[in-house]
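In what follows, chain A forms one complex with chain B and a second complex with chain C.
The block that comes next holds the complex of A and B.
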């Protein structure tokens, strides 16, 4: 340590910490206490719960079962079916969000009349609460009186009303569509911020080198947007994997098992079956998977940036 | 001469402290004198009617009632959380579907020892008494009961040339096909088969009328057995959707309320709907087919009868209330005030019937001139009573009912969607039942 740094250091007291250090410690103590109470403790406690066979309807018998709940979840074929559906939903949703958000961001990055109005309108889906969004799509998709059937019928695209959410083959893509509609605005803003940070010199240099608009997109814009894309992909993947509201309001996991995803399984296990031990174990599996995926995506993209 | 002395910090603290001590002492002495109220929990139905009946009880007895309610959709979870958290609850509404679960967990106390309550059993329909009984003990007094009804649009039937409603499921299919062929309805049959709490009631009604059962007398699964009626019930539904096209494929996303709306808009000729909806359906302010909706006995399957499913909601009492003799006596009074007679009359059951059309399990009320007159404005009271006498309790109400119900509902939907055969769906349901029964 240099002499200047040593002399700038506050005088130490007999307790080994300076007055400033102790003051800082005292000042952050309340916040640290709150964080411990509302974040750290529940996380640790839920892990503790996941080690018990805790079922609220059987309050007299709560044995400690080590990792049996985790083993039971991994051995349950219904869980793996739900994992497959979660992956399918997440892939559809994240790809669609990324592509649409990029197109809209590129559009809003240009100067044209009405750009500000369009930007403001774009934020409306983002501002709508998830539950309201789900109820709105429930009305749109309804097979008997839904707006989608009404529109297609009036435009002569269909001869009779179609079954939408009730058709197991269409259920997941339709829910993903409602999810995409809500999530595209935020992704667009994130990408737009990225676009604004690309130096115009890069485009000028590319033009001088004879690059056309498509070449500039693939060789200048997209590489420069990689950090923003990483953020969008990580965030939207986390949102899609853990998403619950649309599944709850639109289909309740049905029809049959068509929309029985992992987040829905966690809800059913915890709040319907009141099996808190298994529910907590599933939640941990879901959280750790999300964390691992985010880490992999960030690492992969960071290497390329 | 007195002179003004400003309140200094020390005297302010002294005064405040003595005031606080005095206030606490007064509060405690008041608490000691005031009896603890009876804690009564319900779901959020007929709230004003309940409150007014509580007020009348308080005025008559001098007892206090602490009333709380929660939405039905979250009621079971809310109550279980209260029980586990040892929140004060003395009396509450209970669904027959939760009876084994709550009784086995020790959250419900039997009422057999209160003879003034069990004396009402003689005037209550058998399936209602059976629905309040678990392992030989009775756990409550009737709040309301209802059953799944087969309703038809008489106007549409007349236009199609039918003078009488169908009496068997085969006739339902025949009449529906004729109505469809004449262009009177795209999907003449409406059965709401969305995955919700009503689903088990719809399929149980059809199952019982087909002479079927989910379980035998020992509680073992028989739903997968082709001779017990479940397979033929599910096949009827699959054929109705895929072969005859008389039931919309969207039935798997249609809930009870949505089904009520589409039936009341005149889109269908036949519907399975809870009986209490008959009043709404024949109310011109709420239904486009008011005056044309009639009840028929549940159609019979090949080996079946006109049986249907009935459900029961009742007043239960907690062990907490029973632990103290005075509290138990007060709670029993309140249970009788609501579930039995108040001032010599089934006053609350009548209020509920007038207020929301809720059915009653009390046989003598079917003979009450006032009730008959109200029923007559929208239905055939004798036929309503006859169908109620054929109602049966669900044979799947166990501690694992909820968990099995989710799997069973999904299995039926899978078959109706054509993703699996009825036999495979019912085998999956039976396997789940057997596994859960083994776990206990």
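The block that comes next holds the complex of A and C.
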């Protein structure tokens, strides 16, 4: 009897919370605690820090400076150069990721022997650490003994070994290439989901209407993939503008300033110049920029729950 | 005739109606084969070069043109890593077979094994905490209707998109004030924060796909909310739990930026940090660094190949519902 009584709509308690609401509260409490302490608090604290002139080289005096740190960042030509490089890096990377991921997704959407093996292999770049990825490309790009020089030389594309990462004009595209290799798998998987949702009668109808394979790609596949593409582009842009690991290991912002992007600037300002106030201001600017983009991703994800 | 007007089942027969010619089939097969080979080369060739050079000696690795496959494969790089803790490497004890390019082992090699241990401890703790904290919360959000549910889901997703680079300053000050710099707990706490939103997201999507009737039936049978979760839903949600374990393990194993800030000595340094420190040391041969890199990628590669299905379903969580 008691079981039936409990299953009925529980009576409201004095606080206005039902049994369900109280149990939900208890079950969510640990998560809420973790997120408030280690995500919400830091991001608010970051804003607070960004209003002070906090330099670890001068720990005794921490004056409140309102928005001076932001003004200083915006007035710094180095910052705007870094913004330009970040945009260039992101555009190269996102365009390459989208094109390659589309090709791979079209391949893996076909039915052929060995498709499952390829799908498993696809996950490898996604799974390995960025540090290993960076190390791998650093060694491939090595100007003395690297594979890129060796291969191009053996194929007679170059007459003598060349400098790769050390060449200011080539640095950003080469770093982008390493980034693309690691990011294509996730983008492919997101596009594959989109491809699977295209009803097969659309293709059948197009075939009956005499559309060839290229026409089917442009008039059936690509329009239907638009939402997945939007997700891929926005997500990968977010990843690209915040990316740090490759810049740290491959070039440390060099040669000169050739790969000095905003994420690298934040690190240098904070941990090399020990200027936490401006570092926080810069990282806040970066966070707000991604926030606008992430709103689009959030809306897509939240709709799925 | 419009195919859309046909019953779904006959869509295939329409395709057969215009069966491609023999030439078309051959062309399709050839095209797919070429694409598959290009794809495999793109993914595997860079890694093959990493693995190949990790089996070359310091002497062989500087060949011009490079030896794509080791002519004299050697395990000395790996042996050095695993032997390192016992022998302290000095200038005298380094093997001087060839003074210019002998098998030089950096003194920091002995940090690698402890770093692997640290990475394992941190990743396992993060996985465990993800499940302990994430599963109850996800169940509550998926199956209990309460005020503020939608806001909570948005809140959790929002924390997921904060860039880690934007958290470096507050995290650093926070961890320093707690006195946890150079302590594994600093990594466990922060990794939990960056992995849990996605874990909860995967779990919510999965719980949502399970019928609500299970919940009602269990409650009628007298289960409390906690019992409903542990005895009814949890056993059914194994795929999503596996996905959560994989994602939180891989994220923790691979994380670099936060570990770079919080760890200072081999006591707490994780594998990515030690490997990265090799790459900035010009005295260390790439043959040795690559061996360390191979060790760093073995667990992720094995997990990716074994659990491909779970990973893909996690990455696309909820996408099928459109």
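Everything that follows uses one rule, which is that the second predicted complex is superposed on the first by the 278 of 305 C-alpha atoms of A that agree within 3 Å, B and C clash if a C-alpha of one lies under 4 Å from a C-alpha of the other, contacts with A are read in each partner's own complex, and residues count from 1 in each chain.
The working rule: a residue touches a chain if its C-beta (ideal position, glycine included) is under 8 Å from a C-beta of that chain, and two chains touch if they have at least 3 such contacts.
In this text the structure is predicted, and so the values were computed from the model without any measurement.
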{"item": "More chain A residues in contact - chain B or chain C", "value": "C"}
{"item": "Partner chain(s) touched by A:144 [first = chain B, second = chain C, both, neither]", "value": "both"}
{"item": "Which superposed partner A:103 touches (first chain B, second chain C, both, neither)", "value": "second"}
{"item": "Which of chain B and chain C A:166 touches, first, second, both or neither", "value": "first"}
{"item": "Which superposed partner A:127 touches (first chain B, second chain C, both, neither)", "value": "second"}
{"item": "First (chain B), second (chain C), both or neither touched by A:268", "value": "first"}
{"item": "Contacts of A:28 with chain B and chain C, given as first, second, both or neither", "value": "second"}
{"item": "Partner chain in contact with A:190 - chain B first, chain C second, else both or neither", "value": "second"}
{"item": "Chain C-contacting residues of chain A that also contact chain B", "value": "142, 144-145, 252, 271"}
{"item": "Sites on chain C touched by chain A in the complex", "value": "1-4, 6, 8, 11-12, 14-15, 17-18, 29, 32, 35-36, 39-40, 42-44, 46-47, 49-50, 53, 61-66, 132-134, 136-137, 139-141, 144-147, 149, 152-159, 161-174, 189-190, 192-193, 196-197, 200-201, 204-205, 208, 216, 219-222, 224-226, 229, 250, 253-254, 256-257, 260-261, 271-272, 275-276, 279-280, 286, 289-290, 293, 296-297, 300-301, 303-305, 308, 311-312, 315-322"}
{"item": "Chain A residues within the chain C interface of the complex", "value": "2-4, 6-7, 20-21, 23-25, 27-28, 30-32, 34-35, 37-43, 45-46, 49-50, 103-104, 107, 110, 112, 114, 118-132, 134-140, 142, 144-147, 150, 153-154, 161, 181, 186, 189-190, 192-193, 197, 199-205, 207-208, 238, 242, 244-245, 248-249, 252, 263, 266-267, 270-271, 276, 279-280, 283-284, 286-287, 290-291, 294, 297-298, 301-302, 304-305"}
{"item": "Complex interface listing, chain B residues touching chain A", "value": "77, 80-81, 83-84, 101, 105-106, 186, 194-196, 248-254, 258, 262, 267, 399, 402-403, 406, 409-411, 413-414, 417, 419"}
{"item": "Chain A - residues contacting chain B, complex", "value": "56-60, 142-145, 160, 163-168, 251-257, 260, 268, 271-274"}
